[in-house]
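The structure under discussion is supplied below as structure tokens; questions concerning it will follow.
So that you can tell them apart, the chains are marked A, B, C and D in the order they are listed, and the count of residues begins at 1 in each.
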């Protein structure tokens, strides 16, 4: 019988947004089980994540090299290791994992130098191990549909690709406020040569490549660091030329006050055009030359959810399960549950809804009359 | 050390949207582990889900009564059972589970009759077991914020609550096409007295109660079955009166061509108003009397994700993990992976992004010049 | 040769929003020329409008009866009179005008009583004069397209018509603050039996009739006056039944904080559906059963403007002309123009744009190089 | 007493969108009266517009030089002349008009060469005549509010200005289909050095200057002509540097399938940001650093209309007046009116609305009961 894949993780300690997202993602379709991790070099932080993830304490490491060595020697070794460290710590652990026989899931951007990038590619080729890079936007159903339509010729010959990616979180010197994520993302030693460019510009560029199938042939860039003292760009304006005549424009910014994660991709050909916006990911706007704009809704077949159940639907269900787990644990432990766990709909709320249905049916059957609540269920 | 909660499930066989959502939700925050299930009365269907969920084959049942009996006798018995069957099969299994000492998570609407509803409430009270009803919309961060603001008096005295919930899936006689979900949802024997009313009208009404804290005092309803031959309503118009003078309007429809899951809730007081729309769940529109409309974005604190990373973000990550699992399994089994699993970004795509960063930095450093791709990394 | 039609006006004094809209509308397509008016019973107010409209002072009246009498006797008498008074002052002047041989344009709702309504209809029939009622929403190109599509059978048999019309301006007791418009609109003696119902509910109901071609067969209404002391409804919830089985829901509110003029009409049949929203009037959302939503943009043929030049385009042009008129008059009169009239783009701004075009062309021709402004025109 | 300003026009023959917009704009606020025009060199076309505008036939010219000469000699000469010809015909008539003592309203872009632009500026200075350039977007109330807020320091020090202006009308070789507007706009001899750049890129650039008060210091442009055979750019990507460190990005395209007139301007400072979108012109999105996005609605004070009555409101009223004029004329002339003029709401529709109000009031007063239509008015 099939088994869940054993998963190791390097990086992703407490407070790491992306580490936590990776762990949720690994569980979502029930294909992985986390068995080992080197989440941090701080023993307390490692222990915190290890307990939260129900890890065997012996498999929670403070040194990723030690983890690779020890785990490689086990019979129940991970099949795959996820690397969710800052950018400068992608290459070495990824290479070590591949060489130790692990498949690798690696966060983006892949490395901070071109030499490291090519070395990693060579290592993948040499070891025959599998490697996945988490440019997650390419996994949205409507982005994949966009790619299919573009490559299937629905837009005709491509003319333009417009990429806008605007965020506001770095509009001030957050890196000076103790924000660990901001610290490394603005530190050339850890983030690499690009700041905003590496952090989100790469998402935009990768997605355009993913959808159009073409890397750019030439570019002209204007990178700016607006926040005083910042050592890496926090805004990028880039013009692009592609073989075959396509032109591109890319704007990536992390000082765009008012924008949370406003990422959009527009591809225009001589026969039609497509627009995808990350903040409305279930829709793809499609226009054929001379026709009306159509809104292509995510189909049930391309997703876990039916159309119109978009966003946070699973997460909201998960919240209920999570809150209810707290209620159960509290009862087991003879203590009061946390107050915020008490918002789970109760049996009384169930009654009220049943009562409502019955009242409405009764009112309607009586020809549409006003019916006091006391009479809904009588 | 804390352990994951053992979970059983009744209902949720292959093709059940809501069963699969419950299982994903249970995994999302890693608080549960599914150990037993009576997913269907069909042995093949039970086996399919059992294998997919890595269940011990001995704990995959075709009879929920048998499951309750057998699981209650085990040392490693479930702590909680999720009931995701059609409406007419909520009451009996829920009651049996509670009486066997299990906590219960139950899908909505809770029961098909008022007697069953009260009996279940009494059973909960008598057994001391916990009970959760999955009116999932009440778990969205912005809905909970809405409740907090309404109850905190930010809107002043309440005047109006408007509930619109429009879907299109039942605009034709889908129940006659072999669609199992449509079959039971339009069958009075299985769905209860309300069709659309019970299916989505209850979500709207529950959410209004959840947010305002008030059940309605009186209602006037007009239920209609538009599709010829349909035995339950597929459209509901309801007027509501509340104690204290508030008035309400509710429109629920499943023949609303053009609407996927267009659910919105608007609450208006004498000092302000709030609007939440399920299709843009991360935003809450707030207007104070005499001021501009503000868009309250979901905060990072109320969610697993930072603002602007709304919808499908985790799911997209999960897709990558899932596709990659297929690649790994295929290699282990010496076969070709399914083609759709090959869209996971590769090491070459990682290289291309690194190259792009370096090219852009170089162009910008040279004062903003056009730089051919060959020179990006040289 | 054709001549502009001579127009008289009753009502529409200073501060009357609708009077000023009628006058602009009459000028827009250059088919009318205002020659006479009884704008108010206050001589100062009459004179103000008369001067603003360049009227012959002898044709600006304080008594509409006097105006009807005097104008009817002139050779250059108006062909048509527009009546833009409060509701209780529609019937008598309209009847008098018709009987004096004038065609009539009348604001809505037509009268305050059913007897007056029928009497006016009889007068129209008897006199053979033409009568137009300014339910202006029925004149939007996309509303007329909606009507055409509905009547042409594009939606199949009609099932539902949903009308929402929400405004916020009456959320407090504005009628007690000296606001003349609010005073008469909340006064049963002047507005008639309906408050919000008459003011905007009639727009919604008329538009539904206009589009579907069907008046309602039966209704069930819940009218509420939320603002303490208000004598007419400020909120209306109405359920509607139509011959043939169509059902309708209407919500009209003027206490809906956060809504300026949120009027929408949705018509749903068994083959398709249409949605029009007044705040995005150039778009009509159309869904055929089983297909994607399409956004039908206003065509150039149905309008004065090409697609995508929606809203305020003419008004913005008009603003420039108006500001420039002030500059010219100020020069003629040897005085400084009002400061706000100086924002009209100048010859220097014209130079700057020309310079910009030339700079961009030059930069591009040089292969895309950064070009300092000084070199744009050299 | 004040008089309307006499207006002359050069250009704007039949089929000219912008000529007709200028004439409507001149009428909108009733400050001008068109008295003379050289609309075309074709006598039939001149006559058509002359009649439509009720001009004295002697003042409709086929030669603009003749018009300038003849009109300058009249006692009732125009105060101002509007020039709405193709770009190459702006400079000479504008100069001649100024020298003949007329004030000038001129369409954009002002001239096709830098020499002409400076010469015109010198002529304005020399003659003391007034000159207005119709960059109409700068006259929208929310654009003027944006300027005020930016200049008032609400955004802090400016960092970024983003201009996007996308249209689709030139996605194919429309200039080869007999479209006169497309012909001259793609002809370097008539349009000047810029195609899309001159047509809409100048609008974007002017608006950014208008709002920020800064011309660019340096630019880097990539102009492309995508449509085979086209002699001028139909797409422009431009990067901009401003004194003080602000950066800008401008994308103007007329091959952007799916976009009608998608013009947006975003200005970002270190304390806040503003976004204006031409297709939703009555809203201005404002975000202060660390706060929620607010939607600033157009105020009644800055406009002819109250908030939420945006777009086409006056035009829809105008449509009714226009249709009604056709009805009246048809009656005068003893002919049937054009069928499309019969959609004006009638006295019977007035009755139906009155009946509806009375029915709703009656139903509500009876406690909310279903009331057949026959009983609404009894």
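Everything below uses one rule, namely that a contact is a pair of C-beta atoms (placed from the backbone, for glycine too) under 8 Å apart; a residue touches a chain by one contact, two chains touch by 3 or more.
These figures come from a predicted structure and were not determined experimentally.
Visitor: Can you list every chain in contact with both chain B and chain C?
Guide: A, D
Visitor: Looking at chain C with chain D, do both copies bring the same residues to the contact (over half shared) or different ones?
Guide: same
Visitor: Please identify the chain with the largest separation between its CA centroid and the CA centroid of chain C.
Guide: Most distant chain from chain C: A.
Visitor: Could you work out how far the Cα centre of chain C sits from that of chain D, in whole Å?
Guide: The separation of the two C-alpha centroids amounts to 20 Å.
Visitor: From the mean C-alpha coordinate of chain A to that of chain C, what's the distance rounded to whole Å?
Guide: Centres of chain A and chain C (C-alpha means) sit 48 Å apart.
Visitor: Could you check chain C for residues that touch two or more other chains and list them?
Guide: 220, 222, 239, 241, 286, 293, 297, 368-370
Visitor: Enumerate the contact residues on chain A facing chain C in the complex.
Guide: 220, 239, 286, 292-297, 368
Visitor: Quick one: in the complex, what on chain D touches chain A?
Guide: By the definition above, chain D touches chain A via 159-160, 162, 168, 171-172, 220, 222, 224, 226, 235, 237, 239, 241, 245, 247, 249, 251, 253, 255-258, 266, 268-273, 275, 285-289, 293, 367-370.
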